[in-house]
Amino acid sequence: MSSVWGKNIKISIFGESHGIAIGVVIDGIPPGIQLDIEYINKEMKRRAPGRNKISTSRKEGDNFEILSGYFNGRTTGTPIASIIYNTNQKSKDYEIIKNIVRPGHADYTGYIKYSGFNDYRGGGHFSGRITAPLVFAGAIAKQILNKRNIVIGSHIKSIGNIEEDSFNMINLDKSLLINLTNKEFPVIEDENEKRMKEYILKLKEEKDSIGGIIETAVVNLPVGIGSPFFDSVESRLSHLIFSIPAVKGIEFGAGFSITKLKGSMANDEMYVEEGKVKTYSNNNGGVLGGITNGMPLIFRTAIKPTPSIGTVQRTVDISIMKNTSIEIKGRHDPCIVPRAVPVVEAAAAIGLLDLMMENKLI
Amino acid sequence: MSSVWGKNIKISIFGESHGIAIGVVIDGIPPGIQLDIEYINKEMKRRAPGRNKISTSRKEGDNFEILSGYFNGRTTGTPIASIIYNTNQKSKDYEIIKNIVRPGHADYTGYIKYSGFNDYRGGGHFSGRITAPLVFAGAIAKQILNKRNIVIGSHIKSIGNIEEDSFNMINLDKSLLINLTNKEFPVIEDENEKRMKEYILKLKEEKDSIGGIIETAVVNLPVGIGSPFFDSVESRLSHLIFSIPAVKGIEFGAGFSITKLKGSMANDEMYVEEGKVKTYSNNNGGVLGGITNGMPLIFRTAIKPTPSIGTVQRTVDISIMKNTSIEIKGRHDPCIVPRAVPVVEAAAAIGLLDLMMENKLI
Amino acid sequence: MSSVWGKNIKISIFGESHGIAIGVVIDGIPPGIQLDIEYINKEMKRRAPGRNKISTSRKEGDNFEILSGYFNGRTTGTPIASIIYNTNQKSKDYEIIKNIVRPGHADYTGYIKYSGFNDYRGGGHFSGRITAPLVFAGAIAKQILNKRNIVIGSHIKSIGNIEEDSFNMINLDKSLLINLTNKEFPVIEDENEKRMKEYILKLKEEKDSIGGIIETAVVNLPVGIGSPFFDSVESRLSHLIFSIPAVKGIEFGAGFSITKLKGSMANDEMYVEEGKVKTYSNNNGGVLGGITNGMPLIFRTAIKPTPSIGTVQRTVDISIMKNTSIEIKGRHDPCIVPRAVPVVEAAAAIGLLDLMMENKLI
Amino acid sequence: MSSVWGKNIKISIFGESHGIAIGVVIDGIPPGIQLDIEYINKEMKRRAPGRNKISTSRKEGDNFEILSGYFNGRTTGTPIASIIYNTNQKSKDYEIIKNIVRPGHADYTGYIKYSGFNDYRGGGHFSGRITAPLVFAGAIAKQILNKRNIVIGSHIKSIGNIEEDSFNMINLDKSLLINLTNKEFPVIEDENEKRMKEYILKLKEEKDSIGGIIETAVVNLPVGIGSPFFDSVESRLSHLIFSIPAVKGIEFGAGFSITKLKGSMANDEMYVEEGKVKTYSNNNGGVLGGITNGMPLIFRTAIKPTPSIGTVQRTVDISIMKNTSIEIKGRHDPCIVPRAVPVVEAAAAIGLLDLMMENKLI
C-alpha cells in the first residue's frame, strides 16, 4: 500500500512503464476550477525525454486522457482520473533484466518484495515514467496555487561539480521563478547551461551518468500553514519529494550548512515592514516550527546519477544466486536532473495545496 | 491535525511544556510483548537536559506513568498511553514572550496559526520537551526491533566545523552501534568528544549556540521493506525525522555528495556471499527504489543551532507591530545535538516498526 | 475527498456515469495471486441492468480493462487499475435535470455541494453505475477470501411486503451461499422468486418502484478479526455498505429485533465441539466486541425503492427557486435489489479482506 | 489499530476499565473556543451509572482532568488530552472471568485476538466505561455545533416491546431536543417513562436485562455536508455509532420500513418556502446521496440487552476447552439504553463536526 498519498487531497498513482497505461486519480480538488489544459501539457513536456540531445532518444508519448472529474471545462469536485497509454515500449530491451539485476536500480529489492511477481520490464512500477502522472496532478495543484499568487520555481544548482549560485533567499521575485519554469534547462545564469550540458554530453559518450542538486523556491505562501510535529511543512514535502525515484537528500533553508553556523548567525532576526513581519536573513528557509513564516520557502533536492549506464557492471543472477556482470543496452538518459525539476515542483505543489486546504485557505 | 502519525502503529502526541502534562498514545503494538521499563528510562535520560555541564542546568522531570495497554508486565495489544507531568517550570522565565517573538523559534508562526490562543509558555506545543513522549514510544519500538536483531545507533558526525569520520557503510557491526547508544556523548573516536565539548562550552560562555550533524545507522533490516513511491523508507523516515524541532536536512547513503559522483562510481555493484546479496559500496545507504536491500541503512540529520541564545537580538512586538529587541534570560542549552540523538533514533525506530508491520514481519 | 477507502487495501473510485469512463484503483493486493477473469466478469454481470424484463431495458456495457498491476496472469503487488468506458449513454434523457431536481435523488444535494459544477447527467458521480468498479474490486477480494474457504452469499429476504425466511444463523453451509451467488434472482425458496417478480412487474407497469432487504452471510471467518471501537467488524462493514447508493439501514445478527429480547434470550451461550467454541444461538451475528467469534457473520441491508419513477412528482426548479413538477422519462429499474446483491457482497468482501490483512492472515 | 478515528478531527481513545486511567486525545479542534466545563460535566453524568435505582449501584468516578490543549479558558488548537482515573474498581468481582468466558461479552473474542494478554478485568478495553472519553470528546463537539445552532437530541423510542411514537421528521423544534438532553430518562411523552422503568425494575429483580432503540435527531445542519460514496453522512456516522459496544443496528429516515413503501410513497417531494428547499415527507432522514439536504437528520440505533445477567448461563472454560456454566455476581445494569443516549449523541456530534470541518464550515 504505497501509491496513495494525502489528507485533503488524495493522490492515487498506478501503472507500470510497460503495462497498458499509467495514471492517477486525484480526489479532493474543489469544484468549479477552470483547468488550463495547455499548461498541463507544457508541464508534462518538461518531464518527457527525447526532447533534445542531452537526454535519451527514447521518446515517451505523454498524451493524457482525462476520464472523469472534468465537465464543461471545469472541475466537478468529484475525483479526477487521468491516464496515459504506454506506447513506445521496446520490451526486448528489458528481457535480460528478469534475473540479472541492475546495480542502482530497484530490480533486486522489487524482486524480493513482490516475490518475483512484479512487472520487471522497464522498471515496472519503479520506472521514472511513473512520475508523469505526478506531474499531471502537480500541474493542477500549481494552477490552483497560482490563482492565489503562490508561485513555485526551481533552478539546477549543480550538475556534478559544476555549480551556480543559490537563489537570493530574502528577495525573490516571482517573475524569476516563472521564467525558470519556461526554460528547458533552468539555470539562473545562462552561461552555466553551456558548461553543464557539455559535461553531460561528455558523460553520454562515456556511457556514464551524473546527478545534481535542484533548488526550489515558493513565494507568497501565507503565514501559518503547516503544523508542529507530524504535519510540518518539511515533513509533508519531504515525504512527497522522497517518493520521487533517485532522490537521496533534502534540505531546507541553509540546510546542512546551518550546522556550521553559530546561533547568533543562524537565527533569522525579525523586523516589520509595511505591516508585515520579515526577517533579515532566511536560514530557516521560510519555515519555523514546521509552519510557514511568510519568507520564501527554499529547499534543495539531491538527485543521484542515473543508474542505467552502458559500462560493464558487476552484479548477480538472482535465479541461481551467482555472480555475473551486465552491460545495459538501450537508450538511457545520462542526466535526469532537468527532467526531475517539474517532478520536484509537482510534488511540492501537491504538498502545499494539501496544507493550504488543511488551513481552509482553499 | 498534526500530532497523529502512522498506519500500522498510530502515535498520538499531546502536551505543552508548561501545561499540566505531556504524553503519547501508541495504538497497534502487538500483545504479549514484555516491556523493559529500565530500557525506556535509560532512553528517556539520554534526552533529558541537566545531566552535565554542557547542557542546561534546567532539570526536567521525565518520570513517565503508563496509564493503559500494559498489564502483568506485558503489552495487552490495546492502546498504550503514557504521560509525564510537567514539574520544573518557571513560567516567569517565559512571560516576556507573549508579544515579543523570539528569532528562530515558532513564537511568531504559532501565534499566527493559532490566532493568538496558543500556549506560548516555554514554547508550548513547540517545545523540545515534547520530544520526550516520542522517545518513550521509540524505546518500545526499539525493543521490538532488537528482538529481531535489528539495531539502531548513531554518532555525532559533527558539531559546527569539528567533524569525525563517517561509519563504515559496508561493514557495520551492531556492537559498535550498541556501544554508542550507551555513551552520553556518542562519538566513535573518543578524542573527538573532548574537542567538541570544549567548543560547546566556549559558546555557552559567549551565550551563543551551535548545531551539528547526527549520523544514524540501522543494521540487520530484512530485504524488501518499504514500498515504491509514497511509502518508501526515505519518505516514511524523513516524515518522522522532520517532525523533530530543529531539523533542517536529511540525506541517505552518500546523500548530497552522491550528486558529485558519476554513475559508474555511485552505483553499488552487487555480489553473492553465503547466500546473501551484498554490494561492494553502499552509496544508496541500504535503500533502492524505496525498499531496503539488506545493506546497512545509513542517514544523516542536520540539527540547527539552538535558537535560544543570550545575546541581544532584533525582533518584533507583534501586539503593536513594531521593531524591538530581545535578550533571552533563563537557562538554555548551547547545543542540543547530543540530546537529539535518542529522538532521531526514536523516530527511525517508530518508522521502521511501522514498515516492518506493513510487511507483516511483526 | 470521498472516494478513497481503506487501510491495508486502498480503494479509489472515480467516474461519472456520462463521463468518459468509470473505474477503480486498488492498492495493497498481495503479489502472485492468480485472478480469475471469468469470475470477475460473472460478478459484473450480476450487477448490470438489461438482463431480463424486470429490470431496465437500458443496457450498460460493463467490459472492464485492467490497466496495471496484472502481469502474466497474476497480480504484481502494485496498484491494480481497471476502467470501464461509458458507451450506452443517452444524454438527452437527462438534459431536463439540470435545474429541475428529481425527488429521492442527489440532484439537489449534489448541486449545492458542488456549487453547480457537478456533472448532473445520469446522476453523474452519484449514479448507481459507479457501483460497477466496486463490484470489480469486490470480485478480486472474494477470490482471495475464497482461497481461505471464506464464502460470502446473500438472498433477497424481502421485496416490499413479500418475505422469505432468514438464513439458519447457526448452521449455514457454504454450498447454499455459493448456489445463491449463481442465481440471477437469489432466493432460498424458489417459489418466492415468482411472487416477488410478479410484484415488481406490476409496479413497472404502474411506473412505480419498490425496495427490499438483502440478507448476507459470511462463513468460515477465523476468530479474532476486527478490533474494539473504531475498527469493529460492524464499523468497517457499515461504513462500506452505506457507501452504496440507496442503502438506508443495516443490522447485524438479530438486529433491531434483539431489542425486544431479554438478555437471557439474547445472549449466545457457548459450548465446545471438536476443539472449537460455538454458540447455541447467534443473535450477535458472529461478532462480539467488534471481533468475529467464528459463528456465521450475518447482516441485513435495507435498500430503498428506486427514486426514478415515471409518475408525476412535485419538485423545485433550483435555478429560479420555484415549485414545479417533473415526469421522468427514460428507462428505469422498478427494483434494484437483485442488482444490489453483488454490490453489497463486494463491499463486505473488501471490508473483510482489509480486516484479514490487518490481522496478518493475508 | 482500532482506537484512532477521524480525518479533520482525530480522536484517540485509550484505557482499560481496571487499568490506571482511561482517556482521549482530540487533535484538530480549532483554537480560541471557550469550553463550557459545566456542560461537559453534565454530559458525563448522563452516561455514568449509579445515579438511580434502575441502573447499577456501582458508582464510577468520572472526574476528568484536562492535561493539554486548554489554556486560559480556551482551546489552544493543539491536541486536547483528557484522562479519568479509575477508582471504584472491585477487581475480585472479575477474577472469575480469566478463563470462563461470559456469553454476549467480548471475553472469548478478546482472548483470542490478544492471545491471552488482554486485560480481562471488568471487560478491559471492551468495557462500557471506555465510552466515557467518547462522551467527553462529544461534549466538546456538541458545543461547537451548538454555536452554529446545530442541535442534537434523542429520545428512547422503545425498551423491549414498550414503544413511544417517533419524532415528527418534518417539523422538529430544537427546543424539544434540548429538553430531552436535560432529562435523566429522555422520552417525549412522560407516561412512557413510568411504563419503561417499571419493566426495567422487574427485569432487575429477575436478574435479567433488556435493550431498546434510541432515536436521534439533528436539526439545522447546512445543506451539502457529506460526500458520495465513502464519506457519506451515513457511512461516517454508522462507523462511529457501531464503535459503541452493544449496538447491533442503525437505520436512517424511514430505515428498514422504507423497503415496504413504493417509490411514489417513499420519495420526498420537494417545494420552496421562504427561499429554502424543503420536502413534504422525510423518509430519507435528511440525507440524499450521502449528503445533507437541510431536513432534520434522523436515525435509530438498536442497543442489545446488557450481556451481564445474574442467571446461570452455559459457557466454556477456554483454558481447558470444556463446557461449564457461569453465574455472574456483582452489580450490573439491567438496561444501559438511558446511559447509551449521550454516547450515541457524542458519536454523532464527533462525526458531524468532522464533516463540517471537511466542508470548511468550521
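Each chain gets a letter, A, B, C and D, in the order it is written, and its residues are counted from 1.
To be clear about the criterion, contacts are C-beta pairs under 8 Å (C-beta built on N, C-alpha and C of every residue); 3 or more make two chains touch, one makes a residue touch a chain.
Chain-to-protein mapping (UniProt): A, B, C, D = Chorismate synthase.
From a predicted model like this one, the values you see are computed outputs, not experimental measurements.
Participant: Sharing more than half its contact pairs with A-C, counted by residue number, which one of C-D, A-B or B-D qualifies?
Facilitator: Repeated interface of A-C: B-D.
Participant: Looking at CA centres, what chain is most distant from chain B?
Facilitator: Relative to chain B, the chain whose C-alpha centre sits farthest away is C.
Participant: Hey, how far is the Cα centre of chain C from the one of chain D, in Å?
Facilitator: Computed value for the inter-centroid distance: 26 Å.
Participant: Distance-wise, how many Å sit between the C-alpha centres of chain B and chain D, to the nearest whole number?
Facilitator: Roughly 39 Å separates the two chain centres.
Participant: What whole-Å value do you get for the distance between chain B and chain C if each is reduced to the mean of its CA atoms?
Facilitator: So the centroids are 46 Å from each other.
Participant: Using the touch definition from the top, which residues of chain C touch two or more other chains?
Facilitator: 1-4, 7, 13, 78, 113, 125, 228
Participant: What residues of chain D sit close enough to touch chain B in their complex?
Facilitator: Per the stated touch rule, the residues are 1-4, 7-10, 12-16, 19-23, 25, 27-28, 31-32, 65-71, 74-81, 83, 113-119, 124-125.
Participant: Applying the document's contact rule, which stretches of chain C touch chain D when the two form their complex?
Facilitator: Spelled out, the residues of chain C in touch with chain D are 1-5, 7, 13, 101, 103-106, 108-110, 112-113, 125-126, 130, 158, 160-161, 203, 208-213, 223-225, 227-232, 234-236, 238-240, 242-243, 245, 247-256, 258-264, 266-272, 275, 277, 279-280, 283-285, 288-293, 300, 302-309, 311, 313-316, 318, 321-323, 358.
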